[in-house]
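Some structures to go through are shown next.
Both complexes below contain subunit A, partnered by subunit B and then by subunit C.
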Partner chain A sequence: MATLSPTVHRKTLLRRIWDAKLVYVMLVPTFALLFVFAYYPFFNALYRSLFNWNGVNVEEFIGLENFSTLLSVQVVTIDPQIDAATGELLRDEDGNLVYESVRQFMRADRERYEGYQSMSSFMIGDHQIHLVAKDPVFLNSFVNMIIFVVTDVMKATLIPLLLANMLYHLWSERWRYIFRILLILPAVVPGVVGILLWRDFYAMPVGGREAGLVNQILGLIDPSLMHTWLGDVNTVVPAIIFTGFPWVNGANTLILLAGLLAIPGELYDAAKMDGARGWTIFWSLELPLLRGPLRLVLVFALIGAVQGYGHILIMTSGGPANASMVPGLWLYRNAFGFNKYGYASAIGVILFIILIAFTITSQRMLRSEVEFEA
Partner chain B sequence: MFKRMLVLLLALAVALPLVPATAQEDLAGEITFVTFMGEWVTPFETAAADYMALHPGVTITVSTVPYDGLQDFYRTNLVGGTAPEIMHAEPWWNNFASLELIKQMDDVFAAPNPYNEDDTPWGDAFVQPFLDFTRDPGGHINVVPWSLYGVGMFYNKTFFDNNGITAPTNWDEFMTTCKAIKDAGALPMYVALKPNDAQWFWPLGMLGNFAMRSEVEAVNLRTAEGWAFDVEDPTSTLGESITVDEAWVAFNKGIIDPLAAPEYRVIAEMMNEWAENCIDRQAALAADGSEVYQAFWTGQSKIFMNGTWFISTLVNEINNLPEEQQFEWNIFAYPSPTADNGEMFSMGVMNQNMNLRNGFIVPANLDPAKEAIAIDFLQFMTSTEEASKLFSLNRVDEETGAEYPWSYDPPAVVGVPMRPGTEALYPRIDNAEMGLFLTNGQGDTQGWDEFLNFFGQQYLGGMIDTDAVLEEWSFSLEGGLQRALETYEEDIDQQFLDENLP
Partner chain C sequence: MRHQRGALRAEIMRYVVLVAFLGGMFYPIVFMLLTTGKTNAELSINFFGLPRDFQVENYTRAFNAVLPYIGNSIKVSGVTVIGQVALSVLGGYAFARFKFPGKNILFYAVVSLMMVPGILTFVPQFIIARDLSLLGNHNALIFPYIAGSQVGGIFMMRIFFASLPEELMEAARVDGANELTILSRIAVPLSIPMIMVIAVQNILGTWNDYIWPLVTISMNESARTIPIGLAFLPTEYAQIPYGAVMAGYTLSAIPMAILFVFTMRYFVQGLSSGALKL
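This part shows the complex of A and B:
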C-alpha cells in the first residue's frame, strides 16, 4: 500500500544563493575591499615573515629565523674574577667584587652568543646573572605591552562601568541626557591634541618656561615632588598610563549604559522582592547581564592596547632609552626605520597570535547565556 | 618589400634608444619636480618657467610635500614606481642608494653641462669637498647638490652683555661660559636627546673627525697610488672616501673601535662634560626636537646650535615678540678643543659643521625620455647663470614692503655668491680630514638607533658611565659594520680584507 507523504520542497544551497543574488552582489564590494586591504596584507605579512626582506631588492628565504631572533633568550652567569697571583677574589678600590663585563664575556664565546645583547641582570649570591637576548628591545617592549594591556583594559572598563551605573540610576531623565552629551563631546576633539596636551602637562620648569599642569599641582604640595616624568626610565611608563586621567571614555560608557537600559525592569522588581539592594543588585543582576557589552568594550581595549603605539610615538618616541617601547612601535621602527620589513612582519604575526589568544580567552571568560537587546 | 620594411623597422627600433636623448631641442614631455622646502618653491617655479621658455615641448610641474614623513613618501613612491622625476632631498638619500632606488650620477657628472660655457665636467661645478662627502660607501654620487649649510652657535647677545659673558673661542672657555650662564640663573642650551635635535650629535662628528686625523692614512688603505694625506690641504682628500671594507679593517685593528681607540674615550668624556655644564639632562630626555627652536627665541635658552636655515625664522620670530622681550643675537663658531684637551687635537684646527644641505635625486630605471628631461633641467638649474639668479631672489613683505631673501642657504654651485651678511657661516673646510669617527655602521639606520639610545639618551642623560657607553658603542658599531658589509657586498674587495684583517 502506498503511503502518502507531504512533499517537502527543499531548496538546494545554490538555489538559495541564486534567490538572494542581489544581496550577495551587494556584499561583493565589501568583501573584495576587505580581502584586498585586510586579508591580503595579513597573509602577505605571514609569508614575508619567513624572509630577510628589505622591502625592495633583498628577499631571502630564512624560514623561522626572524621568529627565533625575536624570541631567543639565554641566561649568562658571570662569576667574580680571581686574582691570579693570590688565588683570592679580586676587589676594586671600594672593596667590591670585580666582574668581567657581559659584553666581553659574550665576545669570548662568539659562536654561542653571536647576536645576543644584554637585557637585564641581577645578583644571586656572588654570581651575576644576565638575561641576554637577540632582540632585548622587543622583549622589553613585550613586558611594557602587558602592563599597558592590563591598565588600558581597566581604564576602558572600570571607569565607564562606574559612570554608566551612576548615569543609569540618575533620577532625572533630563540630566541623564545632558550627561550623555557631555560624555561624548570630548570625542570630537582629535586624540592627538589630548596627547600633546598631556606631554605639556608633564613638563618641568626649564629656562623660564613654566612647569606643566601636573608638576604645577605637585609643586604646590611640595616642590621636591616635581619631576621629569617622561624623561626618567623609572617613571615614563606610569606617566603614560596616567595620561588621560580620569580616563572618561564616552563611547564605552554609552555602550555599557545601553546594556543597562536593556535589562527588563521586572528583573529589578524581582531582585528587590528578594531583598537585594545596591551592591547586590549590581553584582548579582547588572554585572552578569552586562557581559555582552563588556565583552565588546574589552575586546576593543585589548586590540587597542596590543596594536596601539601612536600616543607613545608622540609622547616619548619609545624612550628614554627604549623604556617605553611597545611592540607596535618596534614593528614600525624596524620596517620604516631599518628597512627590515620581513622582521617587522614577524613582529606583526606574533602580535596577531597574541591578539587572537587574548580575544578567545576574554570571550570565554565573559560568555553569557542571557543577553537582552537594547 | 614587406621583409625590407620589417628589417628597417626592427633596425630603427633597436637603434632609437641608442640615440642620445639629451639633444636639448628635441626634448618634449612632462615631469614633476617635488620639494619639501616652502622657501624654495618660488625660485624653483621660476627655474621651471625659464626652462619651459627655452623648451616649449616640456612641462614641469613644481609641487610641494610636507617634511613630516618625507622619507617614507619618497621610499613608498620609489618602490611603487610612482616617484616624481625629480625629488628634493636631504643627505639621507644614500638610504635609497643602498636599495638601488635612485640614479647614480657618476656618468652624467663626468660629461660637461651644456648650459655652462666651459667644457669642464658637470661635477666640477659643485663646491668641494662637499660633493665628495656625498659619496655612498660604494664610492658613488647619487645626488645633484643644491645648497650647503653652515652651522654655528647662535647666542643671546643681550643676555651675554648684561651678564658680562663673552663668546667663547675654545672648548674650555665654552664650558666656563655655560657655567657662567647657569650661575646667572639661566639655562645655557635647551637640547632634546632625540634624533630630531642635532645639537648633541653634530659636535660628535666635528670633535671626533678632528681627533682622528692622525689615523687617516692608517684607515684609508684602498687608495690611489701615491696618495698622501695633507692636513693643511683640504683638497688632499678629494676623491677619497672610507669604504666599508676599510672601516671593517680599521675596526678590527682597534683604530676605530671605541673600546680600544683612546680618541673615543676622550670625545665621550668631553660630551659628558658638555651635558653636565650646558644642558639640563632630565629635561633633555623628555624634550622633543620641535621645542628647541622656540626655546631660543623666547629666551628660555641662551645658546642654540643651528644653521643658516634658521636665520630667517629667527629674524621673523624676534620681530614678532613684544618689544621688551626682543633681544640682539649673534653667532660664534663651535668652540674647538686645543692641544690642552688632548694631544689628538694638535693637527690643525677643528672644522666647523658645514656640509651639503640638500640636493636632487632622480629615480632609477626611469623612462629614458623623462630621465633625459630631468637631467637636462637639473643641468639648467645648476648652471652658474641660472643658479645665481635663483639664489638672489627675494620675497616682499606685504605689510612693510621690505624685501627678504627666500633663503639664506649658501649655494652648492661654484661661482654663485652668498647672501651679504651671512659670510661668517660660509661653508669652508680649514683642514683635511675624513669621516673616520663612526657613530654607527656606515649608513646603518639600526646602528644609529642603537647609538641614539645608549649614547644620546643613556650616557648624555646620565644613566650610564663612560666605560659602559664605550662598550655598548663598540658592540653596536661592530654589528653595524657587519650589516654594512652585507649591504655593500658588491663593492667589497675580498682580497683587501684577506690581506689586511688582523
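This part shows the complex of A and C:
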C-alpha cells in the first residue's frame, strides 16, 4: 500500500488536458463561432470607437474625440440688445426685444463654439437661453430614448399586471386556459406586420389623404381632429408611444400570471382571515410577491427600449427632421448612411455602458433584497 | 348573499376587462383580414365593414410575392435552430458533466456574453460579415444567429443536464457506454421538453429579426426573409394595393400558425418562461 505515491493520483496539467480532449473537441465549434462573431466584434467595437474610421480606407486614431463630439453641450445665454446711443433696450417695430442670432453669437467666439450647433432654446425672463451641442441629433435622440424607456416600461408592466390579476382570480380554470392561448396567439403573426399595420393606421393614404384607421376613427368623432400624426415633429413621439394600443403584452402577462400562481394559497387564506380583500390583497400581498417577475419584465423592457429601433426605422426612419430619432437608429444612420463606423461604434459603447450599469445595479438590488428577506 | 352577488359582479367585470383588452389586441389582425378582401376603391368607401365582393385574387397576387420570403425564412430559421440546439446540447453537457482544466474560465467566457448588448457588436459584426463576403447570402444570417443564440442555450442546457440524476449516467457507464452514447441515448431524450422550449424561442427570434437581415442580405432580393420582404412589399408598387399587401401579411403568418398548433405547450412556455430569456 505504501508504494502508491501521491503522484499517481495527482496527474500533471498536460495529462489532465489530454484526458479531457473529447470535451475540448465538443467545445471547439462553440468557441470558433464566438471568436468570430462575439469576442472579436466586442473588442473591435471598443477599439474602433477611438477611431475616425469609414470601414474601408480612412483609419485615424483620434482618442476620445468621438465621445466628446457626442456628449459636448454648452449653454449660451443671449441678452437683449442695447441701443448704444441711449443705453436702453432695443425694440423692433412690434415692441419686441431684439436678440442676436445664436449663430452670430457663436461666431464671435470661434474658439469656444467651434463645431457647435443649436439644439433647443427657451426664455428665462429677458434672457434667451440656447442649448448648443456638437451633435444635437444624438442628444435629442437620447432624450427620446429616456421617454421611450419610461413609456415602454409602463406598457410592459401595467396592462399585463392588470390582465394577469384578472386571469388569476378567474373562477373557471378552462377559461383561464383559453385566455392564455389567445394571449399568445398573435405571436404567430410576424412582428414586423404589427409595426407595418400601425404605420398604415396612421399614414395610410385613402382617397388622397392620410386617412388610416386612427384618422378614420377621429374623423367619425370630429373631422378637425384628423392629423398627419407621423409627419409632425410635435406628434410623432406620442404617436409612436400610442402604437400597439391597448398594449396587451401576452408574454409578460403570462410571466406575471405564473408569478401569481406561485403564491402559496395559505398566504391568501391568512390574508382573508385578517379581513383583507380586493385592493388590499393586491397591494399588500400580490404586488410584493410579484417583485421578481415584475423586475424581470421591467429589465427586458428597459434593455429593449435602450437598444431597439427597428419599429422607428420602419414607421418614421427617425423623422420628420430627426424628431423621432433614438440613439440606436442614429448609430445605424452613422454607420450605414454616413460610413462613420468609428463614430457609430462610440454610440454603441455609450449604450453598452448604460446597459451594463443598469444590469449591475438591478442585480445588486436583487441580491441585497434576498439578504434582507433571509 | 350580498357578498356573493358582489363576487359575481367582480367575476363578470373580469370577463369584461379581458374581452375588451383582447378585442383591442386582435383588432389590428381582424382589420388586416377584412382588408385582404377589398380593393383600394372599396377601402376608401367601406373602411371598417366586411368586404362586399371578396377579392380572392389579392391572395393569389400576394402568394406569388410572399412565397420566396417564406421559403427563405424557413431555411434560415430551420438551419439556425438545428445548429443552435446541437451546440447548446454539446456545450451544456460539456460544462455540466465533465471536469477539465479551464472549465470555469471557459464557462464564464460564454455566459458573460449575455451581458453584451447586440447594439454594441452590431457594426463590427457587419464588417466581419462583409470581409468574409457573406453579404447577400443566408450564411450572413445563419452563422451569427447560431453564434449568438447558443450562449443562452448552453446556459439553460447546463442547468438542465446538471439536474439529471448522476446514477442514470453511472449505470450506463458501468454497462460500458461511452460519454457520447450516454449523451445521445440518455441525456438528450430526457431533455426533449427543454430543447423544444429553447428551439421555439430561437425560431421566434430569428423569424422576426429585422435589422440584421436588412443590412446584410436585403440587397439580394432573392435572399430576403419574411420581415424584409414584407417591409419592402408596399414599395414595389406605384400605388399600394392594400388588399394584396395585407393578404401577404396574412399568408406570412401561416408557417408560425402551423408550428403553434403542433407545439402549443412549448410555444407558451418559450414565450412566458422569463428565466429563459436571461
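FYI, the second predicted complex is superposed on the first by the 303 of 374 C-alpha atoms of A that agree within 3 Å, B and C clash if a C-alpha of one lies under 4 Å from a C-alpha of the other, contacts with A are read in each partner's own complex, and residues count from 1 in each chain.
Convention: a contact is a pair of C-beta atoms (placed from the backbone, for glycine too) under 8 Å apart; a residue touches a chain by one contact, two chains touch by 3 or more.
Everything quoted here is computed from the prediction, not taken from an experiment.
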item: Which of subunit B and subunit C A:167 touches, first, second, both or neither; value: second
item: Winner by number of subunit A residues touched, once subunit B and subunit C are compared; value: C
item: Which of subunit B and subunit C A:23 touches, first, second, both or neither; value: second
item: First (subunit B), second (subunit C), both or neither touched by A:204; value: both
item: First, second, both or neither for A:188, with subunit B first and subunit C second; value: second
item: Partner chain in contact with A:13 - subunit B first, subunit C second, else both or neither; value: second
item: First, second, both or neither for A:300, with subunit B first and subunit C second; value: second
item: Contacts of A:351 with subunit B and subunit C, given as first, second, both or neither; value: second
item: First (subunit B), second (subunit C), both or neither touched by A:159; value: second
item: Subunit B versus subunit C as contact partner of A:336, first or second or both or neither; value: both
item: Intersection of the subunit A residues that touch subunit B with those that touch subunit C; value: 55, 204, 206-207, 336
item: Subunit A-facing residues of subunit C, complex; value: 10-11, 14-15, 17-18, 20-22, 24-26, 28-29, 31-32, 43-44, 47-48, 87, 90-91, 93-94, 98-101, 106, 109-110, 113, 115-128, 130, 143-144, 146-148, 150-151, 154, 179-180, 204, 207-208, 210-211, 214-215, 226-227, 230-231, 234, 242, 249, 252-253, 256-257, 259-260, 264, 267-268, 271-275, 277-278
item: Of all residues in subunit B, those that touch subunit A in their complex; value: 72, 75, 79, 95, 99-101, 186-187, 190, 193-195, 280, 282-288, 295, 298-301, 445-446, 449, 453-454, 457-458, 461, 463, 471-472, 474-475, 479
item: Complex contact set, residues of subunit A against subunit C; value: 13, 16-17, 20, 22-24, 26-27, 29-31, 33-34, 36-38, 40-42, 44-45, 48, 55, 159, 162-163, 166-167, 169-171, 175, 179-194, 196-198, 200-201, 204, 206-207, 211, 213, 216, 245-246, 248, 250-251, 254-255, 257-258, 278, 293, 296-297, 300, 303, 306-307, 309-310, 313-314, 328, 331-332, 335-336, 341, 344-345, 348-349, 351-352, 355-356, 359
item: Subunit B contact footprint on subunit A (complex, rising order); value: 54-57, 101, 103-104, 107, 115, 117, 199, 202-204, 206-209, 228-233, 316-317, 319-322, 333, 336-340
